[in-house]
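Lettered A, B and C in written order, each chain numbered from 1.
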Amino acid sequence: MDIKINYRPVWGLKTKKFYISSHFFTALTAICGLIILFILFLILSHIFINGFKHISWRFLTTIPQTDFFNVETTGILPHIVGTTLKVFIMTIFGVPVGVITAIYLSEYSSNTSKTTRIIRSAVNNLAGVPSIVFGLFGLGFFINFIGQNIDELMKYQEPVWGKPALIWASLTLAVMTLPVVIVSTEEAIRATPPGEREASYALGATKLQTIFNIILPRAFPGILTGTILAVSRAAGEVAPILFTGVAYFMADLPHKLTDQFLDLGFHVFVLSTQSPNIEKTKPILYATVAVLVVLTFTLNLAAIFIRARIRRKQRASE
Amino acid sequence: MKTKKLNAVTAGMLGMALAINTAQAATTIIQKGSDTLVILAQKWAEVYMSKNPDVKIQVTGGGSGTGFAALQNNTTHLCDASRPIKAKEIQACITAFGKRPTEYKVALDGLSVYVNSENPIKELTVEQLELIFTGKIKNWKEVGGPDAPIVLYSRENNSGTYEFFKEHVLKGKDFASSAQTMPGTAALIQAVGKDKNGIGYGGAAYGTGIKHLLVKKDAGSPGVEPTEENVVNGSYPIWRYLYIYVNPAIDKGEIHKYIEWILSDEGQAVVKEVGYYPLPKNLRINK
Amino acid sequence: MSKKFSQTEASIQSVTERRGVYFRKVKERIIESLMYTISLSVIAAIFCIFLFVGKEALPIFTGKTNSALVQDPIKPEDIDKYSPEQIRIYLGLPKSKFKKLDKETLIALLEVKMEAFKEIPENFKNDKDARVNTTQWKYLIFPHQWTGYDKPVYIWQPVSNIPKYNIMPLIVGSLKVTLIGLLFAVPISVGAAIYVSQLAKPAIRETLKPAIELLAGIPSVVIGFFALLVMASWFQSVFKYEIRLNAFVAGIAMSFALIPIIFSIAEDALYAVPRSIINGAYALGASKWQAAWQIAVPAAFTGILAAILLGFGRAIGETMIVLMVTSASEMTWNIFQGARTITATIAAEMAEVVFGGPHYRILFLLGTLLFGFTFIANIVAQVAIGKFKEKFEGLK
């Protein structure tokens, strides 16, 4: 036959130009990803190289009594304790409220009811509120409204509750991290296999019993992830606690819920901008930053690790 | 098994919280206010607490305005201020606790004007400073320096240093809007140290890394350096008192003892150590 | 449960058992309503934020504050000639505080105000703006020629004999820094999101995605610290501009905080585009890039837009970075000059204000504006994400 069938083999359909442009753009976007990693690496390496050499056991466990700004004698134990107490109290108040809200949203309410949609919308909105507005809220609501009213009720002469205190700072942070907890818990509850739920109902358990005995234990890693992410976020936040409870220098650890407290993030801020001698306090600054970053990163990595394990378990059971 | 672990953790945390709550607290004195004074206040606190272990002093900065605000809201015992209290603030104090706050002068300070150590200018008159910081003089050559634009560094407006400079050097006029606000004297000094065309001001205690200008009262007087002698005898034009204000109703007991100690020779020795200037004896008025 | 039991059945099911089941149902209902109430706390939180922040700013909205330097003084002797309301407004006190004061205290306050009036330097008493209430809206928004300036300007200088509360420099400052941040962050994050979700092998995706999201674990204080100590000087040595701490440095530092957010949401949106559509594109001969750029991105467009909007909301509201890196409150669009954002102003100046005074209320006003703005941005983003999900409902 003399018919020339002019056809190219399949792999030749794509011209060189085609390949080049595809590879080029792939490389371009990959470079974007690498730029981000590079930024991360830059910041972390700079902090760790300059910070780790000044961290010592003494630094981490002393309460500075003399010469706060001398790197030889100072310590950040009060800051570590302050930050820990702040997130701890925040967790006590914030996680139960968040978990209960998530349970209600996923188990009890129907997806189309108006209340559900408003609650969901409110959760999303709460996630977007600027941190300084939370500070104003803490000041205007917790301290000026609730705190002062408690003082009036208990007839104190001096303000005991109506001034910046550990409890108000923690509550402000609890409100701020509520969306994180709610979203993580809801995600976790949704992921529980429906089979187990049905089986529980089939055996005659009530809704509440099912929730507490089957669903919550199953969702526990997810709730834990949410809590850890909330804690990690709150540990580094400074703006909401600026006028709700943090102090510049305290001789002692906070003893009562109405005491002020020292905080790692605020210490970084103070040393960067208001230190009396920037060169002399640079080592303390870098060391504090290193401790803070190690703290938030460990928490984040833990959360990612737990999440990855959950995903692997899910994929295994599918 | 998981619930057991959870119970243990919760119990441990509750125990810790209870322990913290029931721990005994000694007399606490809260001191808030001027960033100029905060290093001094913290040093006073350290020395006093080492001698009186049953007193705990908490120090916070934030600016003289912060201290006054805290005084009005009764959230502090002592208010550190690097400027005298304003009538508006006295008003607010009277509204809050019915009396005017008691004023104690606790130290002397000279406000230095800083330029970069490479700047050839050595002295300026108060009037030239006013024109520079309000933005009327924009170039160094107008005051005898190199042909370069002047870069202004100032403080945040919650700073008593800011207000003092504005009132006494600028005679109440506004700073130029291009003046960069630094959150603390150290930040300001660092910025001027890195900027050859920079000029700034701040408490004399923080001056390291740049150079002070000699300040002339007017074109005919000699330039005066901000040293202790010149500040105490008043020949340095930009000097001020540093104050502590307190609600007269609580000015007794431990708090009054602490103020007395600050005004004593020991307390004033600390003033000198930190770099400010101690009050001459006749000015240490104990009310 | 049928109520008609025969005698035998009733005796088998003992009274306590029936009561137990009944109580359990009541208990469950109570707990359910308790949960419902607690869930409403989220809505209550948003509402309270609006309420308590707006309440402090209300007098500015209604024009009830007066920050004029010179107001005709009321002499303490004449206290009885004026009504209590007039004295309250003259002293600038809120109603709750005014009620608690007795006559003696009021006289003391009037005396103090007289002293203050006498303290005002002469050149200010005769200033043309001395009697002007500077908290009126036209001074907050429009330029005005104050004494000592040669043309009408926008000035924010609240600590002064004649306080100037023009908020335009702050809004411009916020926008400047935000736009620079977005300009830098959006291309990089969206590019990385396209790569990770469409173009990368699954193994790379598993490692790259969490690594980039790790950037979110750096607190904004630390980013601000890094910008102040390292980036500011480095940028100045490279670009050789005059002012070391300017909007450009702040914008770049801000973008470090925005990248994780925009990346996360854009990547989720792109990953959610159904595989069937993309596989269809491959089947038609598209390359990986063509499928990603011409199919996935337009499909996920509303999601990406929502990501950018949320990044914008975060940028406008970011406080610590701008607090540490920005400086002057000049009204200029020049990115190499200083800028002052709304958030930094609130954070820096809130501690010093006289509670209840005009400065305090203006700061809360700024907070309300900020909140209102981010609220609207959030709602728009939510609607966009909702529309995005609707598009792909039913496709897998």
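Keep in mind that, in the parts below, a contact is a pair of C-beta atoms (placed from the backbone, for glycine too) under 8 Å apart; a residue touches a chain by one contact, two chains touch by 3 or more.
In this text, all values refer to a predicted model and were calculated from it rather than measured experimentally.
Distance from the centre of chain B peaks at A, each centre being the average of the chain's Cα atoms. No other two chains have as many C-beta pairs in contact as A-C. In whole angstrom, the spacing between the mean C-alpha positions of chain A and chain B is 35. The distance from the centre of chain B to the centre of chain C, with each centre set as the mean of the Cα atoms, comes to 31 Å. For the pair chain A and chain C, the distance between mean C-alpha positions equals 18 Å.
The multi-chain contact residues of chain B, meaning those touching 2 or more other chains, are 62, 73, 182-183.
Each of the following residues of chain A touches two or more other chains: 272-273.
Shared contact sites, meaning residues of chain C that touch two or more other chains, fall at 323-324, 351.
Note for the complex: chain A touches chain C at residues 13-14, 18-19, 21-23, 25-26, 28-33, 35-37, 39-40, 43, 46-47, 97, 100-101, 103-105, 108, 115, 118-119, 121-137, 139-141, 144-145, 175, 178, 182, 206-208, 232, 235-239, 242-243, 265-266, 268-269, 272-273, 285, 289, 292-293, 296-297, 299-301, 304, 308.
Across the interface of their complex, chain B is touched by residues 65-69, 85, 88-89, 92, 158-159, 162-164, 217, 220, 247-257, 259-260, 270, 272-279 of chain A. Every residue of chain C that touches chain B in the complex is listed here, in rising order: 91, 93, 97, 101, 105, 108-109, 112-113, 115-116, 119, 121, 123-124, 146, 148, 153, 155, 157-161, 164, 169, 233, 242-245, 323-324, 327-331, 337-338, 340, 348-349, 351-357. Listing the residues of chain B that touch chain A in their complex gives 2-3, 13, 17, 20-21, 23-25, 30, 35, 38-39, 42, 45-46, 49-50, 56-62, 73-75, 182-187, 189-190, 205-206, 208-209, 250. Contact residues of chain C toward chain A in the complex are 24, 28, 31-32, 35-36, 38-43, 45-46, 48-49, 52-53, 55-56, 187-189, 191-192, 194-196, 199-200, 208, 210-226, 228-230, 256, 259, 263, 285, 287-290, 293, 310, 313-314, 316-320, 323-324, 343, 346-347, 350-351, 364, 367, 370-371, 374-375, 377-379, 381-382.
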